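Structures for review follow.
Paired with chain B in one complex and with chain C in the other, chain A is shared by the two complexes that follow.
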Partner chain A sequence: MMQKRNLKLVGNAVPRHDAAAKAKGEQLYSDDWTMPNMLYAKVLRSAYPAAILRGVNTKKAKALPGVHAVLTADDVPLNEDITKFGQMRDVGGGFEGLYKVLARGKIRSKSEAIALVAAETEEIAEEALKLIEVDYEVTEGVFDPREALLPGAYVVSSEDSSNEIMRTQVQCGDIEEAFKRCDVIIEDDYQTTPHEHAYIETEGGMGWLDENGVITLRVGVQVLEHYRTVAKIMGLPHTKVRNIGVPMGGGFGGKEDITVETYLALLIAATRRPVKMVWTREESMETHAKRHPEYLHYKTGATKDGKILAQEISIVMDGGSYTYLTPWVQMYSTYGAVGPYNVPNVHVQSVSAFTNNTFSSANRGFGGPQVNFACERQMDRIADALGIDRVELRRRNLMHNGDRLPTGFIPQGHIGVSEIMDKVEAELNKTKKPDRLPDGRKIGRAIAVGHMVYGRLTFMHDSSRVSIRIELDGSVTVRAGVPDLGGGQASVICQIVAEELGLDMEDVHAYIMDTHLTPLCGTTTATRQLYMSGNATLKATAIMKERLLPVASKLLGYPSENLAFGDHSIYLVNNPAIRIPFVTVVGHLSNDGGELETIAQFNAPFTEVPDLSDIKGQLNPDLTYTCHGVEVAVDEETGMYEILRLIAAVDAGKMINKNSCEGQMEGGCLYNAWWPTHEDLQWRNGITKANNFSTYYIPTAADMPDVETIIMESGGGLGPYGAKGVGEPSDNSIAPAVVNAIRDAIGTDMNLNKMPITPEKILAAIKARDSK
Partner chain B sequence: MKEFGYKNATTITEALTLLDGQNARVVAGGTNVLPYIRSGKYTDCRLINIRDIKDLNFIKEDSDRITIGACVTISQLKKSKLILEFVPALHQAACVFADPTICNTATVGGNLASASPAADTAPALLVHDAIVFIKSLNSSRSVPLSEFFKAPGTTVLQRNELITHIEISKQKNSGFIKLGMRKSMSISIVTAASSVTLNDAGIISSCKIALGAVAPTPIRAAHTERFLLSKKPDDDTLSALIKATNLDISPIDDIRASADYRREVTPVMVKRAIKLALYEHC
Partner chain C sequence: MSEKINIKLKINGVFVTLEVLAHQNLLRALRDNYYWDVKCGCEVGECGTCTVLLDGQAVKSCTVLAAACDGHEIWTDKGLGLSTKLTARIQDAFVECGSVQCGFCTPGMVVAATDYLKNGGKPDRTAIREAISGNLCRCTGYVKIVDAIYKVAKDIEEGLL
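Now for the complex of A and B:
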């Protein structure tokens, strides 16, 4: 635990450094940049989810007046590489899949890019797409990963001989023997649907060739380090590609994979003109990765006093058309499948497979929400079978400090899940309504818990660097390659600098996400920026303080260890009246030839790639624990339901920015609340039927109550000031809480295990219940 | 996005002249026209904007009729005291229509002319015996709304014609209800409107039921109306209308719901629409 410290800025609802610009609409996003002479680019996507590409004739398209380039795979210097996600080393072991820039050989899904066009206007570019003649040999395809894994199944790729991406398992104890000692065993199948990120800003950006021959991009992306892949594809040194990142209108994992960067670079090189590409909503939804659909089988055994003895779990994941982050996501699903419970006997097996669906990759929660859904459904059902209160059953099995995960790893951070669950239970019971509303709708309530890691897989050897420079007027510039998705990732770094150096937020200027000018912070993914870059920032400020304190000590005549930073001064701790202005100390340091600039690096714990046939030990730095409480009203004549209360609780360790922390908890809660029931992409044989917001139902403000947040601060995190990450954990336990609340209302489990759980299915369950 | 010709008409005559014999399309609110352009349904034509024509934007009251100009927006319907008092079903339809930004620009004439089976104003107007007044450069005609729709996206309107206004009868006991996947910005799965009159004995003496999104066009539900006539609108009656309602509808499976689900919930929506219409009697 951290020592108590009097913090002035950290923990408060400090306005973010970019809040005013966003509120006034002055923030420029990817599509807001233009340049003289700029061309517009479009991608030709495959007309079929499964086919063999026989040929592409671009002659007519090239001849269209106003068209400046039409590129196919033959025009790409290196068309095939491995997928990288900013990691500082090649991990190997099957974790990096194929990145194919433009289609060649087998077409694996409708999202496959066949050709690129750059033209004077968007209209001409669209017209040119229609003139490209593609010779397809349409093939049957396979759209269900369970079928894809059967012998003799259609093989999705031309590069592999089978559809299997990865197979892995975690085990502990003796599962067979343990089931014999169980009084009740619940066994069932669960299914989760693909899930769309639904960011308001679609993928896009622009770029140009600068005066030094550097391909310069302005693309909003969660992984600035994709510049290395772009350079490799172009056959250029890493130094010749630069991404000046742009603040994003949402990412949620969907902009972790490379998007427009390579396409822009190829077209810029081909035309030597600035080029812009922005995907339409339909293109975005049909093309970018989705949360992995999972097919899960859970067998859970417990004794009659409610002690869970054994869990046997098998998971089949739909990886879609390309590998991308599937193996990494699979690690999270496999490792998180038993939930935050002490289960002595565990066997989790998972396998992922290619299909001709849109590829699956990162989506906020990263393999966590799927297994959490199944696990928390199981918990309610075990409780019901045993006649034990559903919250009480959880209480009897939850992990506490010192307990081991099924891999044998003992989390180092505080395990506060039972404490937050108690708080949610008390809050949910405060407003107990009658079982029915006056309009006849039936009330249901439920609580679900979850655990979700923050920080990347430790075998990726993750690191982050942050630089600070103190100006002669006492203001500070922070340079950090932190992609800002809107979660306040950059602002929190400014807040730490201001806190540590005794300054105000206004004194700290953030210059972020420019691969030529900012130290690389690594990805804004894996709920890692506060943990990684926050710690790097603390390190950098500590270095600067070490330089400033001796100067102040000399000037004030007191030893350094008795001095502290605050109110733009360095002062004597036990007599703050004795002080010297910060700017004066900076002036002296500069005069004495001291360094006013520094860079610091923070490294996460490093481990080696695990044995996939028996994963043991540490996989991530630490975990964050959440609990959600939900109250619903179900219309038993239509199967429609309304969420009346949403309670979102977390042990955040320490809130750095109260607004941002609460904002993440609210946003995460709404992000997955409708995933099980409303957010259905309606995939049909590789076609995305619901490809815009009129048919893919994300909730509107009218559909959701205010989210009530409960934030516990145990101080037990590995981030700065004892903070834990909350970005992804915030969406983890909400989906099962919603479905379990519907179950509580309607009194039957029928149709509630396989998403999408539509009103029609809920109505059918109610009718079946009534006809019994 | 395609490039389109655009002309702003300021009078009905100017609009009709621009429409006559030309490859032109009317645009008022633009909430359907712009998606049509994006999807390629409209190509290479001239858009004639009619939203600035003052003579198309009014809500008027006669002794037993209300007249609504074609360019009255959904927001105007929502705010109108006349509509609230004398056409409650239409008020309720306006309240659940799309979202505030769409309501501020979408027009009642456009909602009808687009002829979506799920057009939210249509069932409400049908139970108020709406008559659609149509003009071309050289002629005028009026068509009952029940004969106005031909098929999804198709009406009796010719390319050179314009809806000028809609006339409806006052009826204080009407109601509208919508079933959609969201409370806002949701295209209907089923809509139901009703207009009901009871005699002194509490028996239904006249009754009109209209339904949306369960047939190729918004429809009047003749079997349901006949079933209800001369009955008391009690729970027994309302629970027994399933059979009649299912004779009225011909729903399909679409991206929003299956035909089976629509068959399950349409009678429920009819029941609720009747209860809404009779709310003050309860």
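Now for the complex of A and C:
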């Protein structure tokens, strides 16, 4: 157990260090930087989702006055590399796919970049795009991963002989024998749609060649470490590419893949001038990765007393045009498919395939929400088939401390899912559910649970570094390469430093995300920054405290172990009146030649790449558990529904910033609430028909009720002070709760398993129910 | 290429002359002149992050022709915050209530909130939600944004502002 401590800042709703600048309109984002003599850049994307690129003629575009560069694959020093996501080791094993900068050979999707243009103005750059002549041999293409895996299917890439990206499985127990002992078996197909991140800031940034020959970028990205890939593509040493990162206007996984960095670097090198590139909304939505569409088959068996004995699951994932993060995401889907339940007999098989759709990669939840949707739909159906209360069925099967995941791994953090489910159930049912509203709409309620990892796959050997420097006036600078996408990733680091050194937030200055000046913290992905960089920060403050305490001990005349930090002082724990100002101790340490600056590294647990034919053991450091409760009203005349109540619960381990933690839970809830029903990109044969916010509907303030958050603090996380990560887990288990609540209202499962679950489909289900 | 024209307008209380393209929208004209607090999210009037006050009314600046603003008055989040007690209070409330995550929708939200409150908006969560429904936010789930506006509305009602 954690030692009980009085925490002054940790756990409170401390204003973030950057909130005031953002509220007052002073925060600059990727599109807010400019330079004299700057050029504007545009990308020519493919006109077709599937084609063979025969040739590109840039002569007319280059001749247009005001155009300074038109680049194609032939102009890229290294056009093909492997995709890296900040990992400090080469993982191998098929996990790192092809990164192709500009099109060559087969064109795999409409998002494929064919040429880059830099010109005096944006208008001239757009004009130049129209003058580039591309010779395409249009091919048939394949748009469904199930078809892509059939023998004789159109092969998406010119580099591979088949469309299969990865095949893997997890198994335990004896599935065949277990099904024989089941009283009820529910078997069905589920389907999830691609999901758009829909950050309000599109991708963009600018850069220039500095006086030392360094390609210097100002681009907001979730993975600062992409500078290494950019350098490799350019044929430069890593030291000659620098990204002075910029806070992102939202990321959610969509800014985890390289966006504009390589394009800018190529154009800066070609023109020797500053260059800016910002994607339009349409370009952003058609081009960046989506959450993997999944085709899932679930067969779940239970005994009549409600014990789930067996889960047999197969998953087909649409990887789209390139590999990117597909294998990593696939691990999460495969590993998480049975949910936070103790199921003794499991067989999960998964396969991912290339198609000519926009590529799939990271999206908040990283393979978790798809399987969670199917799994939690199954749970309600098993309960109904057995005549057991739906929450009670879950209760009889939920994991508790000491239980194993299907890979055999026993999570080390607290497993609090049953505790939070009880809280949500009590809250949702504190009033008796009415059958209908006075306006005639039917009421439905549902509860769903979920588990999701925080921290990266352990075979990536993840690490983070943070540096702190104490100034002579007692203020502190934290240097951390932590890309801040809006979750408060940098602010919690400041909070931890202030807490540990007994200072205020205002005393701590954060200098973040500059690849030349800040220690590398690794990616802002995988809900890892609080866990990884928070722990690195704790280590750094511990080193500084070890230096300061002997000085204070000498000055105060008491042993170090009896002293503590607080109120800008170092004081005697038993008699806080005996104290010495922090700044005085800092002065003495400096006079004595002590070091006022330090860097510390935190390493996650390391494992080896698993055997994909039979995944065993640990894959991630730990998991976070969530539960969502939903009440909906369904209009049975139209099939439209409204969410009346949203309850979001999590075991956060320990809240570091109350507002940020609640903010994740509230935002996560809305992020996925409409995914099954409203947020449909309308992919048709490789074309994204819903490419802006008038056709792709994300919830407005008027569409949603207040989220009621329940945050449990078990202290059982692996992060600082026993914290767990909540960023991605917060959007898990909401989607099935919404759909199961609709099911509860209309009393039929028809049409509720395959997204998009439109009002038309809900209405058809109601009509079918009534005609029986 | 497009024709350039000069327009005279008052931005954040200062008379300025801007050279704009004849077809340019107000959002682009403002950003080209370094009013960076006016953000661009979609440029077709859907996301609301470019919201400014035009002659005292909240508008999405991407849907307004810059040339049509000749002789008119514009206020942005930053200018309002530095000049009016109400907006400064809204900005502070956003900080206190944890309403700011990535912050990209925030300037537009603050302007929308200013518009709601200066027109007598009440501390009514449903009405506040309706008032900011033209401004999309993908991070917060809107709860803490509504909290902040509600808090200021309450202060106004109680005569504290």
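We take it that the second predicted complex is superposed on the first by the 771 of 772 C-alpha atoms of A that agree within 3 Å, B and C clash if a C-alpha of one lies under 4 Å from a C-alpha of the other, contacts with A are read in each partner's own complex, and residues count from 1 in each chain.
Quick note on the criterion: a residue touches a chain if its C-beta (ideal position, glycine included) is under 8 Å from a C-beta of that chain, and two chains touch if they have at least 3 such contacts.
All of these numbers come straight from a predicted model, not from anything done at the bench.
Visitor: After superposing on the shared chain, does chain C or chain B touch more chain A residues?
Guide: Comparing touch counts on chain A for chain B and chain C gives C.
Visitor: Answer with first, second, both or neither: which of chain B and chain C does A:E123 touch in the superposed model?
Guide: So A:E123 meets both chain B and chain C here.
Visitor: Regarding the shared-chain residue A:E637, is it in contact with chain B (first), chain C (second), both, or neither?
Guide: A:E637: touches chain B, not chain C.
Visitor: Touching A:N57 in the superposition: chain B (first), chain C (second), both, neither?
Guide: neither
Visitor: Contacts for A:G25 in the overlay, against chain B (first) and chain C (second): which applies, first, second, both or neither?
Guide: second
Visitor: Kindly classify A:L763 by the partners it touches after superposition: chain B alone (first), chain C alone (second), both, or neither?
Guide: In the superposition, A:L763 touches chain B alone.
Visitor: Quick check for you: in the superposed arrangement, does A:N685 touch first (chain B), second (chain C), both or neither?
Guide: A:N685 contacts neither chain B nor chain C.
Visitor: Applying the touch criterion given at the start, work out whether A:T700 contacts chain B, chain C, both or neither, answering first, second, both or neither.
Guide: both
Visitor: In the superposed arrangement, what residues of chain A touch both chain B and chain C?
Guide: Common interface on chain A, chain B vs chain C: 123, 693-694, 700-703.
Visitor: Which of the residues in chain A end up touching chain C in this complex?
Guide: Touching chain C from chain A are residues 13, 15-16, 18-20, 22-29, 31-32, 34, 121, 123-124, 197-202, 247-252, 278, 280-281, 485-488, 657-660, 662-663, 665-671, 692-694, 698, 700-704, 706-707.
Visitor: Under the touch definition given earlier, write down the residues of chain C that touch chain A in their complex.
Guide: Residues 1-2, 31, 34, 36-37, 39-44, 46-47, 49, 76-78, 81, 91-92, 94-107, 110, 125, 128-130, 132-146.
Visitor: In the complex, go through chain B and note every residue touching chain A.
Guide: Those residues of chain B that touch chain A are 1-3, 99, 179, 181-187, 255-258, 260-261, 264-265, 268.
Visitor: Sort out for me which residues of chain A touch chain B in the complex.
Guide: Residues 122-123, 637-640, 678, 682, 689-690, 693-695, 697, 699-703, 758-760, 763.
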